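So, here come the structures, one by one.
Next come two complexes built around chain A: one with chain B, the other with chain C.
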Partner chain A sequence: MSVNTISKDRFKQFVEALIQSDQRVVGVQARGDRFVFDDLKAADALRLDYDVTILSPRKYVLPPKEPLLKFDGRASYESLQESEPMVLLGVHPYDMAAINQMDLLFSQDEYDNHYMCRRKKMTIIACDVATPSENVFAASMGTATVDSGYDMLLTDIGDAYVVEAATDNGKALMNLMPDARPASEADIEKRQAVWKKNEHDLNKHMLECKPSFLPKLLEKNYDHPVWEEKARLCYSCGSCNQVCPTCYCFDVQDEVNWDLKTGVRYRAWDGCLLQDFATVAGDHNFRKDRAARFRHRLYRKGKYVPGKIGGQIACVGCGRCITACTAKIANPVDVYNQLMERTDIG
Partner chain B sequence: MSKPRVAIFDFACCEGCQLQIVNLEEEIIDLVGAVDVVEWREAMSEQSHEYDIAIVEGSITRPEDEHRLQIIRSRAKILIALGACATIGGVNKMKNNFDLNEVKRCVYGKDAEMPHLATTTTRALHEVVDVDFKIHGCPINGEEFKQVVRDLLLGKKPVIPTYPVCVECKAKENVCRYEYDEICLGPIIRAGCGAPCPSAGWRCFGCRGLVDNPNVDAAKEVMEKYNLTVDDLKQKMVLFNSK
Partner chain C sequence: MCECCVQNNKDIYLPAPATITKRRMLNGTELYLHLESDSGKEMEYTPGQFVEVSLGGIGEAPISISSSPTQKGLELVIRNVGTLTRAIHKLQVGDKLGVRGPYGSTYPVEQAKGKDLVFICGGIGLVPQRSFIRYVLDHRSEYGKVTVLIGTKCYDMRLFREEIAMWQERKDMTVMETIDEAHDCWDGNVGVVTTLIPKIESDLPKSLVMVCGPPVMYKFVLMALAEVDVPQDSIYVNLERRMKCGVGKCGHCQINQHYVCQDGPVFRFSDLANVPEAI
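Entry: the complex of A and B
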């Protein structure tokens, strides 16, 4: 690991050089009064002062619709791999934490080649949050800062960035930053101050327990009235799934050509709040009620997925679902705190 | 196996959905190669009483339409409703909000009593006969049409979304109209269109009709959260989703 400092002016030159390189560069940019990850065409468009993006960087790690294979009747098929080298620029710590979780999930049990190939060709430049969003609660979830997963981490310390190159990829990128100099002690302290501030500020909704209590809290509250109370207003619109950096469910479908023999099998994002998410052959839907689906999402984040990845809670506190929910019921903290009120978690 | 015979019919509509089929251009050739089109007034002069699949556009607005549709139904193994006029009644149902005689006088003036203008309450196809599949939208989406036809040819059940427009709207990274305290029908309208209207800065007008289980009970409370009322919402429903 090497820690350097680079002035913001010089950093811009680095971004230009990166854009000129032969990799695809995706970075955070303004769209209307919000922000999105999109292909970066000019260094000036990069907005590392953003608060939160509408969709999370999941859309690059696990694209919304991805071809898996080409088939020719039942006779033969050929795997399709579309990934290309890509730099993802401006990933916030909570989104980095989410990608780290996905990496674990897609590499265990059934090793997911499509996902892992793409992931291996990806260089991630993370950046600490400079502007807290209106609904972020990463501090409650332990993801206000992050210490792994990225190739490079940037921290805005005023007129300069502290740049930490964490991997070989990250160190290679330092070659595009000839003007960087080793970070001074004062710079390192400024970075510490940003971290400390974020541990405090990124907490617009305060979870009243440690995240590690959540599996137990949920276990005791499968039949709690809060599920019905909230889901009464649920549109089953899946917006809370779409925007979530840790939702990874997908549906697999075939698109067949006019010869009715050849075609492409692809996977596309699904969402556990959608009415037919749990519909299987014969039209049986084992999660028919809105409340059961509403509960499922919060169980997934707070209990089921943590059971697969060593207890890490699969809500990273980005707050996107809170903003995205038209019915204003999706706030996980609000639900978990309501459960806390009526539970002795011992 | 011989190719399935397909006939395309229209009732009260603007024929815009048929136009979407015509607009498939070179893929029309593929379509015509995969099926045997035996009747299609907009594209050919032949007529036939023998067909397996009937694709029907438009709403039912006159007694003789009802009769004709019943005959089509009795001859077709599969009947597909094409476009909003056929699937939900669409814009044609706006007239159901008014007194019929007044509507006739207003639209046809002194000809209002001519027998071929004996219009009655507008109905979607499924309100008259059984409909096997619905291809939604005003107009329909050509991609979805092709996929449905190919699925049927394969004997597969076509995948038509049961979830609301918000899913596709969110995927396009639009900021929700409700965040600006504006009404959008997206949360209760069936997806499949790719949310072009909210993506263009409009709201969803509801042309694909309601999802199977719209949460209508939530409307009052949710609208209040945005200083809107159920009446505001109902007003927006008139265009495509009148009773």
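Entry: the complex of A and C
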């Protein structure tokens, strides 16, 4: 690991050089009064001062629609893998934590090489949050800062960035920053101050328990009235799934060409809040009640997925679901805190 | 697929071609298929497992294996119920489809040795149970008494009629059949499958009981088994869910914390005590 400092002007030159390289560069940009990850065409468009993006960088790690294989007739199949080297620029710590979790989930048990191959070709430049968003609660979830997964980490310390190269990929990128100098003690302290501030400020909704308590809290509250109370307003639109950086459920569909013989099998994002998510042939729906689907999402985040990844809570506190939910019921902190109110913690 | 992936890992979503070598309708909606892998290599599986069956351009679905690994090829029974299964029903001998697997948990094939076994099958639930039943019959001396209860909605829906008739003639197993609705051609038991449970001669609390049927059946069968003191850890249920990937990723088959494609489809009932979505 090497830690350097680079002025913002010189950093812009680095981004220009990156864009000119043969890698695809995706970075955070303004779209109206909000922000998105998109292909970066000019260094000026990069906005590392963003608060939160509409969709998380999941859309590059696990694309909304991704070819898995092509077929020729009923029984002839060939794997497809279309990933290309890519630099993902400006990933916030909570989104980095989400990607780290997804890496674990797609590599454990049956190794998903469609996902993992794309990840291996990806260089992630993370950046600490400079502007807290209106609904962020990463501090409550322990993801206001992050210490792994990225190749390079940027921290805005005013007129410069502290740049930490954490991997060989990250160190190679340092070659594009000839003007960077080793970070001074004062710079390192400024970075510490940013971390400390974020661990305090990124908490617009405060979880009243440690995240590690959530599996136990949920275990005791399967039949709690809050599921029904909240879900009564749910439109089953799946917006909370759509914007969530840790949701990774998918559907698989075939698209056939005009010859009615050849085509491509895709996987596409799916959402457990959608009405037919658990419907089988014959129209039997195993999760037909809105409350059951609403509960399932929060159990997945707080209990089920943590059970697969060593207890890490699968909500990283980005707050996107809170903003996206039309009915204003998706706030996980609000639900978990309500469970706390009526639970004997023991 | 790029080089790094091809080198290290197979594509978990890639089906292998298989050819239909036998096909017949078992009733108005259930199609029996016998498949042979085009690679010539027998699939290694254990009773209880399932495969993902593909038709390029139409899709893929999880289907229980009905054959026993002691026999050649793979037998499936497919109900005509959706887009993919309708298309599979149109296939003829010699046609090909894609298969990947096997996936999922298995019946307690080893653990059951020496024990009395009771199979309770409702409708199409006979299909995966048949895999274990045939396996037991091919290793008959290794297991205790074998009792098979088969309940079917109506006379015309009955599956594997010749095979069941052959089972009924065997001295080393007991097979009882019932249909829900009386029929002119039927002089056997009429009523749901639970009406056969009191007729079981094995020492039920000491037997292993395998249950598979439509969702509505489980509750009644499990209640009936509780009444005659069958411990929950001696009961195995075979559950179905919507599955897309079969490998624990897509999230569709989840029942509470369990993935049916990995932790199931065969569950020990005692493991489902805190799994309210199971049934």
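The rule is simple: the second predicted complex is superposed on the first by the 346 of 346 C-alpha atoms of A that agree within 3 Å, B and C clash if a C-alpha of one lies under 4 Å from a C-alpha of the other, contacts with A are read in each partner's own complex, and residues count from 1 in each chain.
Following the convention adopted for this analysis, contacts are C-beta pairs under 8 Å (C-beta built on N, C-alpha and C of every residue); 3 or more make two chains touch, one makes a residue touch a chain.
Computed from a predicted model, the values in this text were never measured in an experiment.
Of the two partner chains placed by superposition, A:210 touches none, neither chain B nor chain C. In the superposition on chain A, A:114 makes contact with chain C only, not with chain B. Of the two partner chains placed around the shared chain by superposition, chain B is the only one that A:64 touches, whereas chain C remains out of contact. Contact with chain B, but none with chain C, is seen for A:239 once the two complexes are overlaid on the shared chain. Look at A:200: by the touch rule set out above, it reaches neither chain B nor chain C. Legend: residue contacts after superposition of the two complexes on their common chain; A:326 is shown touching chain B, with no touch to chain C. Comparing chain C and chain B on the residues of chain A they touch gives the larger count to C.
In the superposition on chain A, A:181 makes contact with neither chain B nor chain C.
Once the two complexes are laid over each other on the shared chain, residue contacts for A:253 go to chain B and to chain C alike. Within chain A, the residues touched by chain B in the first complex and by chain C in the second are 253, 256, 260. Chain C makes touch with chain A in their complex at residues 1-2, 4-5, 8-9, 11-15, 17-18, 38, 54-61, 79, 81-82, 85, 91, 95-98, 215, 240-242, 244-245, 247-252, 254-257, 262, 274, 276-277. Within the complex formed with chain A, the residues of chain B that make contact are 27, 30-31, 33-34, 147, 150-151, 153-154, 159, 162-164, 166-167, 170-171, 173-176, 178-179, 186-188, 211-215, 217-218, 221-222, 225. Put simply, chain A touches chain B in their complex at residues 31-34, 36, 54-55, 64, 232-239, 242-243, 253, 255-258, 260, 269, 271, 274-276, 290, 323-324, 326-328. On the chain A side of its complex with chain C, the touching residues are 68-69, 71-81, 83, 105-106, 109-114, 116-117, 120-121, 219, 222, 248-254, 256, 260-261, 263, 265, 267, 270, 272, 277-282, 284, 286-287, 292, 296, 299-300, 303-304, 307.
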